[in-house]
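Would you mind keeping the following structure in view while I ask a few things?
By letter and in written order, the chains are A, B, C and D; residue numbering begins at 1 in each of them.
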């Protein structure tokens, strides 16, 4: 959490970040340019003028294509359950992406994204029951509802940063959850059931898990691409600037609260789309699907995956759901034990999260980590 | 040059800042003509830093006013002053350490060019931002390190990057807060050379301990003592001023006059 | 690496992978019916049954009781249901649909169970309804009480061996109207079950001429201190209180009801969950005198129940609960239905479920009504804690 | 009116417990920037110590013994957490680490004590009730209020008036400066971490007769403590006290006055405070970089 910023705020004084010893090049996928930044660094001293990231960029594109191809191939070979589990992970990964936009890219630890996830999901279910089973309409409506909900509530949170932001988003999330939990029109705590299967472009209902999976995958990939674009755009740079040194941004003439409000709304839209996807694959939504636990797991997925990287948190999302849904029952309901052990292990074994685990970087990380520890213990 | 005839770029009128009963800056009047290189000196505790911060908007003034090109900016926060062309550097470099050197400068450039909130294209597609940022890096001699993390820069290089960032906001007035503090002799030499290359039209206010640097760079010098302006004028006049000598000697901190500032970091 | 070679390589890999996957044909999820795997459920005379109960989260104590109840039935019948050896697959329902729905889907589509029993949470049960309805697999709800499960959203494939919320509380209404001297204050946790419990009670209570002094819902799962509500009850001048709570909230409510001196003056009524199982053990003497309605009590005098209580005690070391009985009965229902079913499919089993007739249960004989809900006897129980551990003594049968 | 006064009294009892629990969380955050998400688990350890030792209503001596045992257990856990969190400098990683510990500790407690709700009886002599303003009020809660007052005074003298306290406050304000002065901050930090955790565990014993012990209680308590800390101001002792009293009242008096909004009150109060004063009501003094 951006505690530096908290400290700066509470004193009302400027804490110069230059005094903190953060001088390790390897500290972070928090790094600028979540995508190409890491290659830049591991690439060492390239000329610095050309497109030095071309080689790794291609390799990444190949990996991305392969991953999407494998995900797309899943319904052909796998039985319904693993496929629907993958759809669930994808929908959850979209929620995690929205948290990553705030937490990883902008440095705002968010615990309230489940609220916008829920807003999108309820919208999709209500449209499915009462208006149309068209998946595109539902998803777009979910996205818009997430955006609107974030725009309406976000102003409360974006003035703050650090743990204050965390607590304000928690308050938003819990309040919205409470409303859903007691509001009869959306089924209160029993949730909204009876959503018909989705259709696409006027086609037949998609009952089979495989077709639903393809739809969820397509939307998830589109959202991922959109978020990746934002992260690489000038706006993404602005957001990273806020994360790194908000006071300096202000001194440069930026209005950080405005930029934060923007990304908050954006993240709300992404979460809303994720909620719509979740509802479409489950054909049901209840307050339990948007509670504190969901928000916390989404934030944890980001931390596990490596904040700021985009694919790391997605992998984190898959890992978290895998542990919770599949491992828990097989060890007599002690899923939390495994989850806790995973958290501890991640901190000690993967200091930069899953995203830190790219081949050559691993060795460097271990060396850098040793150096950092020595330095800290010395201070 | 007679700054009184044209509208001063920066004008302070009775600027005061107090902490409770302590008045750190006591009705300071000062005017900087466009393009002027002005240095602010004084013994430790003279109120330089407070005056500097109050002018920059980092601190709120308790009284008096700050005018930029004749417009009152006293009530504006630092960021708004920056948008009007008045920027400062920080004693302890304030950079985006987890971003590349190029990104540090690009952040300043893209704000000025009003693309800071564009997210429809990747940043590198905005070629003019890139070019502009590299030009500023080149001007401070950091182009070769454009792709490195800011955190990997040495102390002196960080100062250079600060300058590049500040220049990239296309300011009318740049305020340097003890820019050479903690620099080695060689770094200081490079820095002074960099300062001497700054565009002519740029107005500069510099707070500095190293009087050698001050007398090389400044066209006019203002001496602050106990929060008040003790003397103001061309470097030669200040050097000869007896009151100034007394103030420095009387404070029993002669070393401040000629030695590099110690204990700043 | 050259760009061209990279791309062609990737194409090759993708092509190979896809081809291999298609050829292997080890399964697919593109069929219209998710579970049309012939013979998957029963091979070689075995039958696979899914038990979906919470093993983690706040409902874990309920889940444990249900698991013990279901297993007890199997133990008593040599691990057979309807003559088939049972392969029992237990899954963790967790706290809500987030975990419960995927777990049930796994049981049906992955483990290919013939039927699923369990489900504590009503939202999970309602969320699963369409899935079971379309998969044509029987789901035996052994706890979740939402009225809609066997009401507005009933399905041929969803059956309930427990209760409906409105049924349990509705049974108590006339009794309280008769016993309480004046008006009654209604309190419940603020969620769907709480609302249904109060609504069910209120309806039959007012029909029997009862008067309501006030109605309050407390934040569900968040209320630890009931003092503000207890003061409001005192101020309302109510002569009795009807309350619905379960788990930790039930413990705190009943204990504080006693600590703040209400128990001595204002009788407390509720649905049986207020004083059931581990909850009652934690409340101890503080619960003495609390009167509740439920379809079961360990203190039922029947021989069938005595035998059940002894066997259950021997197995798990503590007295049984209504939750255990509900799961025990789910096993009994499956036993009968599997014996009668003419084939392997869900349709066959559902047809057999319609004909299981009367179930000889520790709670007393019961049978399914037209909505697949148990038609059963409710009892008025009163907590006695004079000597030994507190128990729910049976006062009388409710009608 | 009397009804509301009883609620105020009750709010004070809850506030006393919250203060004991939140204090360590606040100081650890202020001094080390560590958001200790295992704080609730430490509390629950204390509660289960009480379950193990005095569940069925023991005498005063046994209760005091339980308090001491919980303090020791809490201190050990706190020291362990302090050592663990020093292994990483990244704040999100530290939070993740402490959350991992919280989950493991919670699960181990469940394995040892089962999933059932446990209640803990107040010590025999104070198990009854007295009449306050015409209503019966449990004596034990009055004692808890007394404990809160004693604790507040003791902490005030320790932190605001003693040399150790000035060191603690200086560390909150500017850790680097204190370290530069040659003070071994490591020992102070571990000490405060352990003491804060011990206090939370003691809170678990003392809250036992009111809240009992069950899996999941750690999360609820942690959430409330976080709200208290944020409202009061991170790292501030006086802030933690004010925040605890305020949240106690919001929960008791607020619920009595606005029962229909009970579930929103705590978060609404927090949002309101943070919107007006983002640094909390009584923020700790930080170093001034002029």
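As a convention for this text, contacts are C-beta pairs under 8 Å (C-beta built on N, C-alpha and C of every residue); 3 or more make two chains touch, one makes a residue touch a chain.
Because the structure is a prediction, the values reported are computed rather than measured.
The chains in contact with subunit A as well as with subunit C are D. By number of C-beta pairs in contact, A-B leads when A-B and C-D are compared. Summarising the inter-chain layout, the chain whose CA centre lies farthest from the centre of subunit D is B. Centroids built from CA atoms put subunit D at 47 Å from subunit B. Between the Cα centres of subunit A and subunit B there is a gap of 40 Å. With centres defined as mean CA coordinates, subunit C is found 72 Å away from subunit B. Averaging Cα coordinates per chain places subunit C and subunit D 36 Å apart. Each of residues 263 in subunit D touches at least two other chains. Annotation for subunit C: residues 60, 190, 219-220 touch two or more other chains.
Counting partner chains per residue, subunit A has residues 14, 16, 19, 27, 178, 182, 334, 336 touching two or more of them. Looking at the complex, you find that subunit D touches subunit C at residues 3, 6-7, 10, 14, 110, 114-119, 121, 129, 135-138, 210-212, 214-217, 220, 251-253, 255-256, 259, 262-263.
Interface residues of subunit B facing subunit A in the complex, by the touch rule stated above, are 58, 77-80, 82-83, 87-88, 90-100, 103, 106-108, 110-112, 115-124, 126, 129, 134, 143-149, 151-152, 158, 165, 169. The residues of subunit D lying in touch with subunit A in their complex are 29, 33, 35, 86-97, 99-104, 106-108, 111, 176, 179, 219, 223, 226-227, 230, 233-234, 263-264, 267-268, 270-271, 274-275, 278-280, 283-289.
Listed in rising order, the residues of subunit A touching subunit D in the complex are 1-3, 6-7, 9-16, 19, 27, 103, 109, 156, 159-160, 163-164, 167-168, 170-171, 174-175, 178, 182, 292, 300, 303-304, 307, 334, 336-337, 339-344, 346-348, 351, 372-373, 376-377, 379.
In the complex of the two chains, the subunit A residues touching subunit B come out as 14, 16-19, 22-25, 27-28, 30-33, 37, 40-41, 45-46, 48-49, 52, 229-230, 232-238, 240-241, 243-245, 247-255, 259, 262.
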